[in-house]
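The data blocks that follow each hold one structure.
Here subunit A shows up in two complexes: once beside subunit B, once beside subunit C.
Up next is the complex of A and B:
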């Protein structure tokens, strides 16, 4: 049986900030949820099931938060599911919600992801609570150096991505970082955190939540809201360590994108996809994912960045919203990529809209670059490629 | 099997909570000797909520004083209090409907340790602690007849954020393969596990080969060389989080020991700078004297080759291994 078509019908985001000191955790997730419901023209009564995701519980020290948040999300008498795939969780959560609609099990599903990073310390949590933690940047830096060595990319590529995403963020009212005077010089001169990553090439630590209302084709018709049809999605996993692992171009990432494109009939992603929201927490991951997800040939990704192709006005815009480099409520960051891809094809991306965007992708990765979740959305259910 | 230390540590962090527009005033009230409920239509909710529990509609903050007296609606008895409980003697946890409230507050009732003094339907009254921090533990309840009149001096700033040291004690024996690996380090040996399927050698072994999905036991263990090749390194500028003892930048590297197929990650290098490190560089372990070695930091999840067993790693002076040949080990 063919899956039920599934569309994004409502999108809600909070303002992302270093510390959202004006709200509780309940208040934070409700802020995004109520905006998504309003955007969908729906109420809690219309929701059949809820799918929630966040990064490890140790980040806030709230164990099994889905239980305490169930009331705040209107889940009484309804199923609530929690998804957990480290940093990729926001996108995995959205895809799990899509599965529930596609299966025909539920008509309308609310999906939400969040992080309130200010309540704990991510590096502490990622270090198992022990001294001497390496953190995400320390883990990824040697792989980035390997990418640079392999691709012969010039060092300014990372700086360019850092500037481009922060300039895009100036057009996004929800973005955490608004750095109007960002420049390549400022990035280059900011402190070196993990060679070759400077402070301004790294993501911030944010509080925030993101939510979507998903519905099947009947609900989409009734809602009258512009739909973003989820025309393809894929998740893949690999071990964090094994002999033969390519950390620069992980096999699970390659296979995830192959599956994503195959299902949608995409044969030339660079030409057939209009724009992408890729999970880029450290600047160099833009060219690495352009290659690792088959948008560019191996060794060619950095040339797209260098040529300005990934800028908002370029031929393949990436992270129009400002990306993870501008807002990073970890658990929500993958869902933000997914909903910003949906914003583009719904024509609701405001100042950072790519004119006429018809097909877009949202992407996230997690753990030691070992979990992948990607979705493709379109303004049409069966778009002409 | 060697008898080494049990793992015993407490994973804890002083988490904070932002209290928001309804819980903040509630906690401020407790600090100031008042219990506040939130209006919700014609009802009063205590503890207060930010939304209507029936319709989930957001409630505008509208707080009203309730109590200090109330009725026990239901209760249970805590016969053996733990360190985190509000009393060091047996006490009751009760659903208390405070005067003026329409919902029940779960809270502690002190009857001086006497369970016979607890009854459904009994009247209780709030008592405030001498030291109050804007916490739900600033208050407790006693049978109404035992209550003392109190004069409470209000605090100054409203409560907007609270701190909670939340922890989990982990106490377990080392897994047998971890114990053998740790004992090897004490003996100045690096012990790996050779997959019975592929012949690949993993250090430290996990007790199974995750690629071939077979168990690996003591019979699969081999001593490997303490000379190897740097396959990755990074310089850490320590993030100053709770429990962090590192203050200065240092280098951390992964070393692929000769005859193995998986690098040992997380080896700390203190006497070389990042500029002196190269992928492909040959290094040897210089062990500490046997009586100066310790493996206390090794648990079942963290700790590979800790600094407490080696004096340093030093370059052997051999020619570097070309980085291309290390591609599949670069983590």
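Up next is the complex of A and C:
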């Protein structure tokens, strides 16, 4: 049997903020869930199964939180299961939910991801629970320096990405950071955290939740809501450390995108895909992923950024919503990439809409840049490429 | 019962013994299981289409502990892989669902957990609601005590019934080389033991265990190609109840009743039931909710009361059932996994032999 077609029919997000002291964890996930249901024109009664994801439990100190969140998620009497694949988890969770619909076993599935980083210490957790750890920026900075050395990219590329994503975020009411006076000078003058990453080239720590209602083709027809058809998805994992590993352009990332494009019949991603939400927690990962996911040739990614191609209005917009650089509730960040890609092809992206976007991708990575999860959505079930 | 697009079978399985303390890393515990199942089917590990694992960071005491576990599976060249922060039985659920799409043939499923390095009661109290329950230390054993007391108060069971579950489990485990505890215990001597959590006594509760389990499942054609005696997964379903003990009838399990209906449990004979009885009173609740009668053999392996490596224990129930069916001890049966305090979340998996 062929997989059952699956579409995004509803999207819900909370406002992303440094601290959401106004809600409990239950309140946070409930807020995103109710918005997704409303957007889908659905109620809890319509939901057949729930897939939830987040980064490590230690971020909030709640073990297996699906148990205590089950009531708030309307899960009682239903299947609910929890995905955890490090930083890629938000996108992995969405893909697991797609699997449920594609299996034909479940017609309508709610998927939700969240993080309430203000409850704990993210850098501690991201250092594997060791005190004095290097955190994510400390892990990635040497690989970024390696990218710069290999590609001969000029140092202002990182600053440009930091500015572009924050300007995009001004058009997104849910974004955490709204920095209207951001500029290349401000980024350059902000404190150096991990050479070459300045403070303003790093993602924030956010509280927030993101949810989607997914349905099969029958449900999509009945709902009358604009669908974002999930026309392809892929995941790949590799070891985090071994001799000879290419940490700048990890093979798992290359193979993940190859699998994604192959399934959708994409032969020229740069031309056939209209825009992308890529997981860019540190500025330089924009050009690195443009290359690492085969949108640009090796050594050419930074030139797309430099030429303004990745801006809203450019030939290949990236992170129209403001991206991870503007909102980072870690476990939800991958799901936000996926749902923002869906917003684009549904035509529901508001002020940051790419006109006429037909095909878009959502992407996340995690661990030591070793976990990859990607999906491709389209306004049409069988789009002409 | 849900109609399925694809028939799926278990083609290979392996488990570690339930260790009181496994004196090495979690990957070292998983690796022999993974190597064994791959060898059983004669495949190269790169021919496995999808891999999914279940484990829990909190048991290992460090965030991202599951990342280390891919060392046991092998991830070079890169693999198509995922992970659930749950018992391996839920990894099996997702693997089974994934095969229904019909575009891949084989899934490697694993579950693993080491309870011995930490304090089970302190750790698992973090599983409860963080605002009301966790601060007062409402750990799973306390809630199991509530559940046992509720059964007694409702006239549904006595302490003697609990002791009988324990005695039978330990006796059954004498034939199980993977069991951690086993032996002949009389109900009278069990009832003479002091309470640890009234009305629960020490052996009404599980031992502290480390362990891992793995299996390979495959779509029908591939399953027949890979092995001579596939064990078919006829249905799998899981459901959850309210987290709040005061919002539930603790003497019943509505989630098990729904799941039993969804998997068509009584559409055929139920020869064997391998149940995640973490505390002895749970067997009484589960038998009732599953509608089991005297024709079903419950926990011939001894069950979790004789070895309870969390995160592997549910998947191990499926393996014990598959082994019993392969050995001709029954034609059809149900395996049960559970998660959360007081049987909050439950999974059922119906297996059938190849005849």
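Everything that follows uses one rule, which is that the second predicted complex is superposed on the first by the 382 of 385 C-alpha atoms of A that agree within 3 Å, B and C clash if a C-alpha of one lies under 4 Å from a C-alpha of the other, contacts with A are read in each partner's own complex, and residues count from 1 in each chain.
As a working rule, a residue touches a chain if its C-beta (ideal position, glycine included) is under 8 Å from a C-beta of that chain, and two chains touch if they have at least 3 such contacts.
Quantities reported herein were computed from a predicted structural model and do not represent experimental measurements.
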Go through the superposed model and pick first if A:297 touches only subunit B, second if only subunit C, both, or neither. neither
Partner chain(s) touched by A:242 [first = subunit B, second = subunit C, both, neither]: both
Is A:128 in contact with subunit B, with subunit C, with both, or with neither (first, second, both, neither)? both
So, does A:96 touch the first partner subunit B, the second partner subunit C, both, or neither? second
Touch test for A:105: subunit B only (first), subunit C only (second), both, or neither? second
A:380 in the overlay: touching subunit B, subunit C, both, or neither? Say first, second, both or neither. neither
First (subunit B), second (subunit C), both or neither: which does A:24 touch? both
Subunit B versus subunit C as contact partner of A:60, first or second or both or neither: both
Look at A:173 in the shared chain and tell me whether it touches subunit B only, subunit C only, both, or neither; answer first, second, both or neither. neither
Just to be sure I follow: which residues of subunit A are touched by subunit B in one complex and then by subunit C in the other one? 24-25, 58, 60-61, 71, 125, 128-130, 239-240, 242
In their complex, what parts of subunit C are in touch with subunit A? 2-6, 56-58, 61-64, 66-67, 70-71, 75-86, 90, 93-94, 97-98, 100-103, 123-124, 126-131, 133-134, 237-244, 247, 254-255, 258, 339-341, 344-345
Given the complex with subunit B, which residues does subunit A contribute to the contact? 19-27, 30, 34, 44, 58, 60-61, 71-74, 116, 118-121, 123-125, 127-135, 138-139, 141-143, 145-146, 149, 191, 193-195, 239-248, 368
Per the touch rule, the subunit A residues reaching subunit C in their complex are 1-4, 24-25, 55-64, 66-71, 75-86, 92, 96, 99-100, 102-105, 125-126, 128-130, 234-240, 242, 251-252, 255-256, 259, 367, 370
Quick one: which bits of subunit B touch subunit A in the complex? Just the residue numbers, please. 11-13, 15-21, 23, 49-51, 53, 55-56, 58, 160-161, 164, 166, 200, 210-211, 232-239, 241-246, 252, 254, 261-262, 265-266, 268, 274, 279, 301-302, 323, 327-331
